[in-house]
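Several structures are given next for inspection.
Next come two complexes, and both contain chain A; in the first it sits with chain B, in the second with chain C.
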Partner chain A sequence: MRTLLKFLTALLLIGSTNGIAGESDSGCLTRGTGDMGIIVERASGSLKIVDRTSHSILFHVDGLGDLSHASAVYSRDERYAYVFGRDGGLTKVDILCGKITKRVIQGGNSIGGAISQDGTMIAVSNYEPGGVKIFSAADLSLVADIPATQVTEKKGAKTVGLVDAPGQRFVFSLYDTGEIWLVDMSNPSKPVIEKHQNIGLQPYDALISSDGRYYIAGLFGEDGLSMMDLWHPEQKPRKILENYGRGNKKLPVYKMPHLEGWAMAGGEAFLPAMGQHQVLVAQRGSWKETGRIKVHGQPVFVMARPDGRQVWVNFAFPNNDTIQVIDTESKQVVKTLTPGKGALHMEFSPRGEEIWISIRDRDEIHVFNTSTMELTHKLSVKKPSGIFFTNRAHQTGL
Partner chain B sequence: MLKAILVTLITLTSTAAVADIHPDRQTELIYLLKHDCGSCHGMRLQGGLGPALKPVPLKRWTAEQLAMTILSGRPGTPMPPWKPFISPQEALWLAKHLKSEITP
Partner chain C sequence: MRTLLKFLTALLLIGSTNGIAGESDSGCLTRGTGDMGIIVERASGSLKIVDRTSHSILFHVDGLGDLSHASAVYSRDERYAYVFGRDGGLTKVDILCGKITKRVIQGGNSIGGAISQDGTMIAVSNYEPGGVKIFSAADLSLVADIPATQVTEKKGAKTVGLVDAPGQRFVFSLYDTGEIWLVDMSNPSKPVIEKHQNIGLQPYDALISSDGRYYIAGLFGEDGLSMMDLWHPEQKPRKILENYGRGNKKLPVYKMPHLEGWAMAGGEAFLPAMGQHQVLVAQRGSWKETGRIKVHGQPVFVMARPDGRQVWVNFAFPNNDTIQVIDTESKQVVKTLTPGKGALHMEFSPRGEEIWISIRDRDEIHVFNTSTMELTHKLSVKKPSGIFFTNRAHQTGL
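The block that comes next holds the complex of A and B.
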């Protein structure tokens, strides 16, 4: 009798899942999200929600607007992705249900964002009108509006390189005016802004070390980067790797490098040069140059495998069909891959055994085993760009 | 060098040569505009790190001036010279398209 009852209960349970394991009546999945991620389909304003383990697509989500240059952060429970679109759209996506929970147009033209240390606030950086807006992570209501330094009567400076930092802070740079601003949001109704001026010409992007200590802005207008030690803001930002291009002709840059993603390996930082086909290496702490690695083109992303042993590099037009792998110990290029035109974005699995690469012109994601550097899987994704796995939820600066 | 490009552009405008771009190449150029120019100017050309490339903001420049900018870049800004990849004829064709509202 008891066995029969168990059997009937089991039948009932199966019936309620629409026949698909882990899917409830609402069409939402009941599973952990730790091995999930999103892939941006830039041309169609849509996302694919993926399973990292089975290398499969779980959901397609439409209606996110202009996703050129889109990026995303995750809620700390890894359930929601916040997607920043070029049209100023901020979209909260439920990745278990494959649905948009909330979408606001918060600015004219935005470039990226960050989530606060405590996960309650989302900051978005805008090209137009310039400045940073901060929203509640729960319902995307406006918490604070921080206009940038005015450049003309109508226009504020473009804000770039926005990251979160410990102590409920956001840090960003101002492209037109060469500034780094620190915003302390400990009291959300009273943001405390600390402005650092004359940090260098035309900061175009920035990154923060994974421990949240160092903020580094890349400069377009001069050779070098601007570094700020957030443990000692009183020491002000200072130039590092100055004059790396000295004696060399500055080559045209057909796509600006991205500094998001920290390439730190064995106590050294690997950074893209601007206008040189080189990856620069600097000692963490002293920030003295310890090497230069000649690569195939203008580097765009320079990303360290989580264990730090390899650095993977992709390139600007017209070399964007190539990926190079650098061994960080010997500082040599050990592999050159040509997966196809428009190899735009790379994302490592959290423990580094795999890397997923968007191949725009093939409408595919290529997954490589990082030990063998061989292609293991392909996924069909329309004009893919950014790939964002949920483990970013727990990483400062991502 | 710049002068030579300018002369070429003026000559091109006065002749009908602009119409002679092969349809396949036109498709390539529009793809380039959307995806590669788009990385700074936005895929919908609404602007980004670079300015918007819509007819209204572009009104104050002639197609020849815009073609010149495409070919030679703008010193002091991130705009690079595209002449290794785009001919003067193609640049002028792109410039005219930009001025007459194109949605790539």
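The block that comes next holds the complex of A and C.
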């Protein structure tokens, strides 16, 4: 009797943890995932999982390794974040349960990743040993290993600017050898690789238009960018914005701009000019320069509010305490904010009413109403960098 | 002792229902909501809640009243669907638990609704008594009641083409009086209404561009459409595509085309021509006609794949057994499918690799791979009509 009672009591204790509203077994949440996100805590290799409706922190997750320059993508159900760490770590995090589901060290020095159109595969690009590895989104088992062009006997080219594209494709650039590669994973056991050479000197990052048509790589070794129309790969990549001036003036570059944070608004693209205090404007399609906007410093992220009416810009050191807002119609800076040093990353809510900004040196996230441009909320997060909301799951190239 | 044992056993039984994988208390699911959706079963006033990854049905929900022409929007967390029924019913459905959370009869004959940019308010437009009512998304309590212009002593104008717009706005048209109204709900207790008159005869439906800038109402009483640039309301609505020919030929209209299912691809809009076997093409911005594409019947929905490369079209009776696919670059019909009679509604997966089509007379949903245009899955659903995936939560105007 006593044993039975003990047994029942033990079972009951297990059962009773399920009683909290919205929580199921093991402390997992029963809730929609459409208004959730993660914030990278760079210095401590940890994440905060957030609720963007209540502006609150739901979970703290440790043990993700080196998260400098970390980025993330989401599973198609918006339950799992795949976090790409600088140490080559690929970590699958369950945001409903606030825990790591699986973690692999897949390379020596990784620089970002992407998820396939159908959500079944995760691709990771590596500086070392170079190349791209593709994993099953379910269990992170290796699906394909695509080594880059060899640079030395032991070393492949650094792969950068990896994005997903429609048709189960991944696209990336090779820094050392000036190439763009398209990988068609329609048949996962037989990747079809299309290689484009001589695309320009030292592509360092790239972007894809939100419709997945145009792939544009920034060049570190020369002026301009290299653009490829993925509807017409037979036309080969071509140079655009070739004379924007970086090459001439040889300005020091304090921080490489991030092209994945580009902005497309009303048929025009807004791009960070490397090394200069300017945002470049180009016409979509022709990719001719249509304007330059003078800004407060060297732009890092140039991001369009989802409705395209505003572009928000942050800056490299020593101007990284400032954020500027550009009106895309008048092409004027309409607001200058100084939220604090280390204003590193920005993320819009999917319908654009809010923007969340990481302020590293304050250990805070600042949330602004984008209509009034006023600060509405603060969250405490330790040395925050990247902010990634779950709606990215539904978008190409994010 | 015996009593204690009974008590513990009873508690244990309650606890044990929580033990099923993925289920929490009361049969609710613990899972991401990003790959879920609802399918309207028109004849039976019920819904199926689906998983679009496994192509399976998770729940059946009864008791939603008259669902002819029903539409739906999602809460920002993608957990709740708000279903607008023809009988004036507004029903909040919990898709994780497969049950109705709240249901109100808010008008006599409702024709669709929208959710505010921040997700706090649901607006419903009514044929009878006319006007728009705005409810709290949380508990469906009334926030604002906006009567339409009176047509007779007892009757207001029918309100149609209700959409959400950036800046906490709702926009709609008045059929009987030819008006477009903008309602700013930034202060929910003080709606600010801007009324534009003489916008054209009998606006019957409308659309908003995905960036929330252009509001375009189709006109039943005359040729053309009425376009309003919401960035410049001071410029007033103006007529576009005035000579597309409906008025001249006076063709019978078997079914009013749905403008909310319009397509924007590569800077061009693809629109159903009312009464004609044509899809109209117009340049975004200038809104000048750039082409017409001959199709199989009177188009009802003209929808762009999310990457804009394809447009899928279905047709009014007697051609509603057919679907055509247009290549947006060549403007050619590249595929004609005949999935069965009553091919009423289409919904793309958010990244475009699949399209789900309701085939009413077969009591089936057919799922096609959009690359191969081949049928990949079938689901049994009773007299299916509208299909709504949760990613709509993150989009303006859907």
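We take it that the second predicted complex is superposed on the first by the 372 of 398 C-alpha atoms of A that agree within 3 Å, B and C clash if a C-alpha of one lies under 4 Å from a C-alpha of the other, contacts with A are read in each partner's own complex, and residues count from 1 in each chain.
Simple rule for what comes next: a contact is a pair of C-beta atoms (placed from the backbone, for glycine too) under 8 Å apart; a residue touches a chain by one contact, two chains touch by 3 or more.
None of these values were measured; they are calculated from a predicted model.
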Chain B versus chain C as contact partner of A:Gly291, first or second or both or neither: neither
Partner chain in contact with A:Gly98 - chain B first, chain C second, else both or neither: neither
Partner chain(s) touched by A:Pro188 [first = chain B, second = chain C, both, neither]: neither
Which of chain B and chain C A:Tyr127 touches, first, second, both or neither: first
Contacts of A:Pro233 with chain B and chain C, given as first, second, both or neither: neither
Which of chain B and chain C A:Glu78 touches, first, second, both or neither: second
Touching partner for A:Glu329 - first (chain B), second (chain C), both, neither: second
Greater chain A contact set [chain C / chain B]: C
Chain B versus chain C as contact partner of A:Gly167, first or second or both or neither: second
Chain B/chain C common contact set on chain A: none
Residue ranges of chain A touching chain B (in the complex, touch as defined): 42-43, 66-69, 86-87, 109, 111, 127-128, 158, 160, 175, 202, 204, 220-221, 252-256, 317-318, 342, 360, 383
Complex interface listing, chain B residues touching chain A: 34-36, 38-40, 42-44, 46-49, 73, 76, 78, 80-81, 85
Of chain C, residues touching chain A in the complex: 1, 4-5, 8-9, 11-12, 14-16, 18-19, 23-25, 28-36, 53, 74-80, 96, 117-119, 166-168, 186, 211-213, 231, 265-267, 284-285, 306-309, 329, 350-353, 371, 390-391, 393-396
